[in-house]
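The structures come next, written out as structure tokens.
What follows is a pair of complexes built around subunit A, which joins subunit B in one and subunit C in the other.
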Partner chain A sequence: MEANEQMTNVSSATDPFLKPYPDKRLKSRAWNKSLVVMRTTLLLLTVLTVYAFVSFDYKEVDFKEAALGTLTNIKVMFLEPHLKHFTFLQAVHQVFVTLGLAFLTTLFGGLIAVLLGLLAAENLSSRRVSLLIKGLVSFIRAVPTVLWVLIFAVAAGLGSVAAVIGMTFHSVSYLVKAYSESFEELDRGAIEALQASGANWWQIVFQAVIPSSLTYMISWTFLRFEINFAVAVAMGAAAGAGGIGFDMFMASNFYLDIREIGAITYFILILAILLEVFGAGLKKKLKVNG
Partner chain B sequence: MAALLEVNHVSKQFGKDTKALKDVHFSVAEGEFVSIIGPSGAGKSTLLRCINRMVDATSGEIIFDNRNVLDLKKKELKTIRTKIGMVFQHYNLVNRLSVIENALHGKLGNKSALAGVLGLYSIDEKEEAMKILNALGLADLIYKRADQLSGGQKQRVGIARALLQNPRMLLCDEPIASLDPGSAKVIMDHLKNISTNWGITILVNLHQVDVALKYSDRIIGINNGQVVYNGSPKNLTKDDIQLIYGSEAEDLIFDVGGIHAS
Partner chain C sequence: MRADYFAKKKRNTLSVLLILTVITLVSIFITEYNVVKGITSVPTAVQWALSNFYPTKESLSKLPDILEKLKETLLVSIAASTVGAVFALFFSILGSNTTGVNPLIKSVCRSIATFFRNIDVAAWAMILLFSFGQSSLTGYFALFFGSFGFLTRAFTETIDEASGSSVEALKATGAGYLSVIFQSVIPASLPQMISWVLFVIETNIRSATLIGLLTGSGIGFTFNLYYKNLSYDIASLVVIVIAFTILSIEFVSNYVRRAIL
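Moving on to the complex of A and B:
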């Protein structure tokens, strides 16, 4: 504080532009609206967290026993995995079924989302159309994928069809947002130049907009593919869409075989790591060319 | 020489009370090299963009090639735009595409939508592009990506793109404002060459009065949305410059007499 005061004194003395500061304390930040909102939110969250922990109903859970039991389960699951109800090759096949589900829904979603994304980008479409599409997709996005699958299961019946439609639906809404935002970030100049040369909308889109945002589009699409893989595992169980998720569901709920769950988890984990490595490589390559 | 472009009493208003252009009136003959000078915010860019209707003028008429640009329907406007090339301060190239792809974008306006979308160009079009890129000294760079070029090279690609439209007129919006003096000279020499040898009319916005004096057939001075000078560079006096740039600029701007002498 002392240093601050000295600073003000010095500057007011030497700098003719600075009038002597009226207040003695020099504040380092102004209290504006956003700061107040942020501080209040943090305070509220802290209070709520503390309250929640204090007011939990712990019943007669013995923490030591519960923790030990969980650890034993994890140990059995991951250190003694085995396959009992299907072979290794069958498991690999099922993993690829799940991967196929993720791939198909990302592909459908991506294709539809490119078109809708162009219409949702404010610089390429009218404000009204853009707002309409953005509003619609944010509604679709707000409802979880699982719920969409179950909604479509009413018409298509539980199974892979409902899963594909529901997951595509949610992928579209996610990718429309991602694509349209990368279109909107585009430099207006190139679009203006092509407009001034008499090119039409489709030509501008394919010659300037898409080439410029291709890197973003690919990395967003791949991210959605990873999400869809995780969702596809869950859909196998929740909607009976098949794949490794369904085997996991059977192992846990039907055979009650915790060791098999461990083995399946390893399969999913390995594939997730492979996807991650592939995705990182892809992004690196895009950056080099990008 | 017949007038290729006539700008008659054009005004442009942004919002309620921002008048960018006030009753602008001038004409440009075929093959002429005309510079528009004036302080920042005087309405130079707005004026250029009114001519190809990137910005819609509020009132007045703009006659290009005997047609009033302001009355055109969407389709006719596109046809007229193919006849007017535009060169930008920030080049406005598609950075991820190669030099030749960027240059060929000038052909899009004359192509069917599908061929343009797929980027299919005929052999003739490619050869024409090569010829123009060659003339602009870019022959060695045609497969380089646009973002790997220097500013001067990018601007030359921008000019190549505009020339591939086979335009009657080029609108250049401060083409050398972001370039070093060396590259700026190259660009201005190319523009002058295009004007004299290819007979293309050139309308260029400039910040540098000395450049405008050296290259143009005629200078139009704009201040606060109004034309305050319209005449040969030879007749541009110190008083005119003061009128264009306001009295404050007097000290900054060199001695006009000295430039005329050189």
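Moving on to the complex of A and C:
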């Protein structure tokens, strides 16, 4: 809304009909901070993009040939998919392995994140603890998931254990941010009223904080589950976590079987769309109830 | 009546907990996840990281190489996000409920975006690797497809939120389709759109690391090289460099967001 108002100010200032009657105040509004920052950002992004295309390492790839090759590959992938190195039922099993990884990480991540999120919410803990946790969490978030998984793999060995711990790390950092922001929206008065009636910290948390943020928490957690499914596919490919992603990696890097990649992509695509539809339904239902 | 209410609430909570427990047990069984090992390996990992995973003086000599690769990864991520945004703008205007021209084009635009969004960038990277090899273009196109799909969805929602009533007002004054788009829809949604693009740049740098690992290019490859050679000191330097970059970008985009939103 605020942006809307600012924008109408700006466009009325640059309106050609206003030019015969120059208005100093309007003109200075046209160059307010928001506009300057916005234009600088756009300019900077354009310059960097152009520079990127100039400096790319093209490795003598014939662009036209490669693009046509990719199109042919995509056509073959989606029109002639087949499974050669495993059966349909095995593929379904692998999809469930990936789903299982995503579920475990979301669950563990969610449980830890509730606790840390409470400590990170400024209205429920001290400012110092809140800053400490928020700083720690944004560092964890800044390191890509795959690196966390590989770091844990040194201690736990490649496999589902390293994948679940590494992905949980990242889920925790993501969910702490989401949860704590929703906890902080709770009215100060509600907490004070409970404190005045003699409720202890745990009672405040379970009777006021969590019930009022529950819908938010569920929709953020489900969103993270969707992300974790995609991440679990990628970890199967990049960090040997098993599941459908590993089969895809094998089909791509060892069997060089584009048709099998196609079949696996169908599996992933169908599941991802199902999750998205289910998530949208869940959101709608929560909105009605909440 | 009240006792009933609480009993029902208790039953609901219990059944949700029961379902979650069953799914958890099935997941543990199917993924062959070892719960005990999962808990004990966290302290082991921390201990290992504290004794091996930090940069030494010698590893700093590799810093220029790492920064060179980082620059490549950064530029690929930014280019993919901005070009993706341009395409997404076009598709979201045609696919949004407020500005769509006809229902057929609307649903075609939306399905194209859904298709690109739901194939993970890692999958795109593996598909593109066949033709584009280990050039920057593999990563670029993989990120571009992902960003395009995501941004189309985000932009569509932004347009619907930001410009519903002003579009109607302009249409009522007899403004043409293009002037409605350029005078109302884009100016009203631009700040939110820039914010989304900045978010996508952040995400893309993280994904670029993953793609680099899979396709052998960029900073992901650098990490993998030293990681596989067991030169953990240099690998840790790569991690620190990536974390620092993402935190700085987060800082800059937060500044921009505060200024424009």
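The definition used in the following text is that the second predicted complex is superposed on the first by the 241 of 290 C-alpha atoms of A that agree within 3 Å, B and C clash if a C-alpha of one lies under 4 Å from a C-alpha of the other, contacts with A are read in each partner's own complex, and residues count from 1 in each chain.
Simple rule for what comes next: a residue touches a chain if its C-beta (ideal position, glycine included) is under 8 Å from a C-beta of that chain, and two chains touch if they have at least 3 such contacts.
Quick caveat: nothing in here was measured; it's all calculated off a predicted structure.
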Partner chain in contact with A:Ser197 - subunit B first, subunit C second, else both or neither: first
First (subunit B), second (subunit C), both or neither touched by A:Phe278: neither
In the superposition, subunit B vs subunit C on subunit A residues touched: C
Which of subunit B and subunit C A:Tyr255 touches, first, second, both or neither: neither
Partner chain in contact with A:Val61 - subunit B first, subunit C second, else both or neither: second
Partner chain(s) touched by A:Val97 [first = subunit B, second = subunit C, both, neither]: second
Subunit B versus subunit C as contact partner of A:Leu45, first or second or both or neither: second
Subunit B versus subunit C as contact partner of A:Ser212, first or second or both or neither: first
Touching partner for A:Gly189 - first (subunit B), second (subunit C), both, neither: first
Residues on subunit A engaged by subunit C in the complex (per definition of touch): 2-4, 7, 10-11, 33-34, 37-38, 41-42, 45-46, 48-49, 51-53, 55-59, 61, 63, 65-67, 69-70, 73-74, 77, 93, 96-97, 99-101, 103-104, 107, 138-139, 141-147, 150-152, 154-156, 159-162, 164-165, 230, 233-234, 237-238, 242-243, 245, 248-249, 252-253, 256, 258, 261, 265, 268-269, 272-273, 276
Residues of subunit C touching subunit A in the complex: 20, 23-24, 26-28, 30-34, 37-38, 41-42, 44-45, 48-49, 53, 72, 75-76, 78-79, 81-83, 114-115, 118-123, 126-137, 140-141, 162, 166, 183, 187-188, 190-192, 194, 197-198, 206-207, 209-210, 213-214, 217, 220, 223, 227, 232, 239, 242-244, 246-247, 250, 255-256, 259-261
Subunit A to subunit B touching residues, read off their complex: 187, 189-190, 192-200, 202-203, 205-208, 211-212, 214, 290
Partner subunit A, residues of subunit B touching it in the complex: 52, 54, 78-82, 84-86, 88, 90-97, 105-106, 108-111, 113, 116-119, 158, 161-162, 165, 171
